[in-house]
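Worksheet: one structure, shown below.
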Amino acid sequence: MYQDLKQACYEANMQLPKLGLVLFTFGNASVVDRQNRVFAIKPSGVPYETLRPEDIVIVDFANKIVEGTKRPSSDTKTHAVLYAHWEHIGGIVHTHSTYATAWAQAQLDIPILGTTHADHLTVDVPCAPPMSDQLIQGDYEHQTGWQILNEFQRRGLTPEEVEMVLIGNHAPFTWGKTVDKAVYNSAVLEEIARMAYLSCTLRPGVPRLKDALIRKHYERKHGAGSYYGQ
Amino acid sequence: MYQDLKQACYEANMQLPKLGLVLFTFGNASVVDRQNRVFAIKPSGVPYETLRPEDIVIVDFANKIVEGTKRPSSDTKTHAVLYAHWEHIGGIVHTHSTYATAWAQAQLDIPILGTTHADHLTVDVPCAPPMSDQLIQGDYEHQTGWQILNEFQRRGLTPEEVEMVLIGNHAPFTWGKTVDKAVYNSAVLEEIARMAYLSCTLRPGVPRLKDALIRKHYERKHGAGSYYGQ
Amino acid sequence: MYQDLKQACYEANMQLPKLGLVLFTFGNASVVDRQNRVFAIKPSGVPYETLRPEDIVIVDFANKIVEGTKRPSSDTKTHAVLYAHWEHIGGIVHTHSTYATAWAQAQLDIPILGTTHADHLTVDVPCAPPMSDQLIQGDYEHQTGWQILNEFQRRGLTPEEVEMVLIGNHAPFTWGKTVDKAVYNSAVLEEIARMAYLSCTLRPGVPRLKDALIRKHYERKHGAGSYYGQ
Amino acid sequence: MYQDLKQACYEANMQLPKLGLVLFTFGNASVVDRQNRVFAIKPSGVPYETLRPEDIVIVDFANKIVEGTKRPSSDTKTHAVLYAHWEHIGGIVHTHSTYATAWAQAQLDIPILGTTHADHLTVDVPCAPPMSDQLIQGDYEHQTGWQILNEFQRRGLTPEEVEMVLIGNHAPFTWGKTVDKAVYNSAVLEEIARMAYLSCTLRPGVPRLKDALIRKHYERKHGAGSYYGQ
């Protein structure tokens, strides 16, 4: 029944190793079907080399498997929370990409230092603090979804304007209107993280980008007056 | 009419991902036709994987589209200013290559530390400071061209001797007598930026190359007494 | 007689250059046959490009060659000591992979900073101190095996829970129930080492991962309550 | 007449881009014919993509072209001085490989920090200080050869025991009994330089490898009691 959804999910997942964003099975992509309130997600621990479209698992927002014979990604509950609460996102990607994860391990936001960053978002890439021990010991992956939601609320961010987050001590999640955008955002985040690492180690305490440049570059690509692309 | 110009521009653009200098659509190359006072440039936001020679846009020095159905690069006005004022350059390349951009984000010139650098230019790679908020909010890409021209004038540099610049907080531009030389300069700049990053983090405060070595290496490759190449 | 064992050993060795873990001949993988108390190991100094399954050498736990015409890896005695004393390991891999070796050269444990690390082990990756001059001048490779055993005993670690070690000033060894797991661990170690390098240079003194997260991530993948994979 | 020599030189040169040691034309390899006191060397500024065996130039120790229609490498005189004074070397390689050049730009010896280094030489990789302005302005490439010879004499090093050097502010040269060994040494040097960079930035002031380990590892691979390889 969900063959197209599985195919789209499969193709998005296969982009991750091609873009150098995952080692072995350290990542997953999902695609939502809003009408049926289900999403397609990578099966847990299956290597990308042997992954097939029919291995993709269909899950509903309450984490119930709707179709598929494999166990879904261990991060499925995190995806479900985000889909349930953020109505306008169409796909989610989780990786342990090297530089983004290094920032998450350092428990630091990625500061906005250049136009490459401002072309995609107007604020530092937020790093959500690790959750309390009690929550970790509870329904961990479900709580990881809430960790993201709460951090966005605390900072007054919307998932439309900021399509990426670092989970402190863990790794990044990205999303977008489509899963292709979510995959794109994962690659952009890794490059932003790498450039910021280099700038910060080259010149500790380097100042943030000034507001006028942030707004100019973001608005070139987003909103009513945008003039980037076809 | 401009089929050869488009083809040359297409081929130069296709070199950028091959040389590892661009992610997704973050870069563009242009080629000028001095006789007709027009230049060929990459269309905005078109991925390199699907770019075709016929997608290339022909623009005049006043930024008017002369031929082509696509919207030209959002950086077109910067190219136009440089072509209009620097009579001897034949091609321009803009990338967000990782190490060069990291230096630009740090708002630092790339110091001349070795002969790899001196083989190509005799001074630090200049980093132009970010422009005023007023100019950013005005005709931004046009002003970016002027930002480069003014910085070169302020420092007493000529575009023949120094074929590369960093825009503070943004990214590099390079140029050359031909677009192939401009592409070559982009790759050289990235490697110079990478080596200088490593030397500076290994030994903070490392001294610049001494004058005699700068002159010797530059003159091996340039000017009347050069003896490098065939 | 040991054709299957040689083939398995050959295939494991050939994974190492593919995963970017070895330059030239700087590494080796071995596979044990517990029933016959022998193991198959790469011949010494043979390039991976020309290695053939029939070049693999079969050695017993006393380092006697049982089958094969080549001289076995110069690290053979280290492998023999580990197989003789750790009954449950099925394969061993030694590399000089760049980031893991950089930590070994710095004589530092790799601190546990993130969930990528905790998915695989619950403690810092141990770095065994260099052995005494007397032992170095004696039966060096045999003593290297003891260096690992002693370090594990001193720290109260078991080879089932910690499947990797750094030899101070030298390089890493990894192992596992199977040689495929040992190869996998070598690649994981290199990535953990790289991420930790980046986090530590970005934020010197970065705190370790807290216990609740360590336990949660390790137990997702290991033990009775694990729910990762198929 | 020198077809075999040209072919060997061609093949050695073609290894350099494959091993990731050269960008564009930044490097060259040469092979000596001791009987005829000539050597084959890469032509100056010819890209590796278009290099052909017949482009290789044959030069004698006084830098006279013996065979070939191209201009030889601008570094030819450096090669000639080394061949004329070091009787036992069979090939020389010069690159601007990234990490080795970063150390040269920092004007620092590469400290011996691990067994990967000690497997190949027992001392720090020497970095020769830049020569005087007078010598630079004179017969520069000839003097570069003398810069290496003098530095080796000053330190009491022999070209048989130490097959690599950094020219301060410039880049590395390596050599060996054969040109293949010289190419191998260039790749080894780059990896040693990279590991040492990482160890030194991770732990500034990291101590050198102790003597017993240096001797043990070097002697495993070299001299009468060596037992590495077939």
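Note that the chains take the letters A, B, C and D in the order they are written out, and that residue 1 is the start of every chain.
Rule of thumb we're sticking to: a contact is a pair of C-beta atoms (placed from the backbone, for glycine too) under 8 Å apart; a residue touches a chain by one contact, two chains touch by 3 or more.
All of these numbers come straight from a predicted model, not from anything done at the bench.
Graph distance from chain B to chain C, where chains that touch are one step apart, equals 2. Common neighbours of chain B and chain D: there are none. The greatest centre-to-centre gap from chain D, using C-alpha centroids, is found for A.
Two copies of one chain, chain A and chain B, touch each other, and the residues they use overlap weakly: the shared fraction of interface numbers falls below half. Note on chain placement: the centre of chain A and the centre of chain C lie 33 Å apart, centres being C-alpha means.
Averaged Cα coordinates give chain A a centre that lies 46 Å from the centre of chain D.
Within chain B, contacts with two or more other chains are made by residues 201. Contacts between chains close into a ring here, every chain touching precisely two others.
Per the contact rule defined earlier, chains pair up in contact as A-B, A-C, B-D, C-D.
Those residues of chain A that touch chain B in the shared complex are 113-116, 184, 187-188, 191, 194-196, 198-199, 201-203, 206-207, 209-213, 216, 220, 227-230. Contacts from chain C toward chain D in the complex involve residues 23-24, 26, 43-46, 70-71, 74, 96, 98-99, 101-108, 130, 133, 136-137, 140, 169-171, 197, 200-201.
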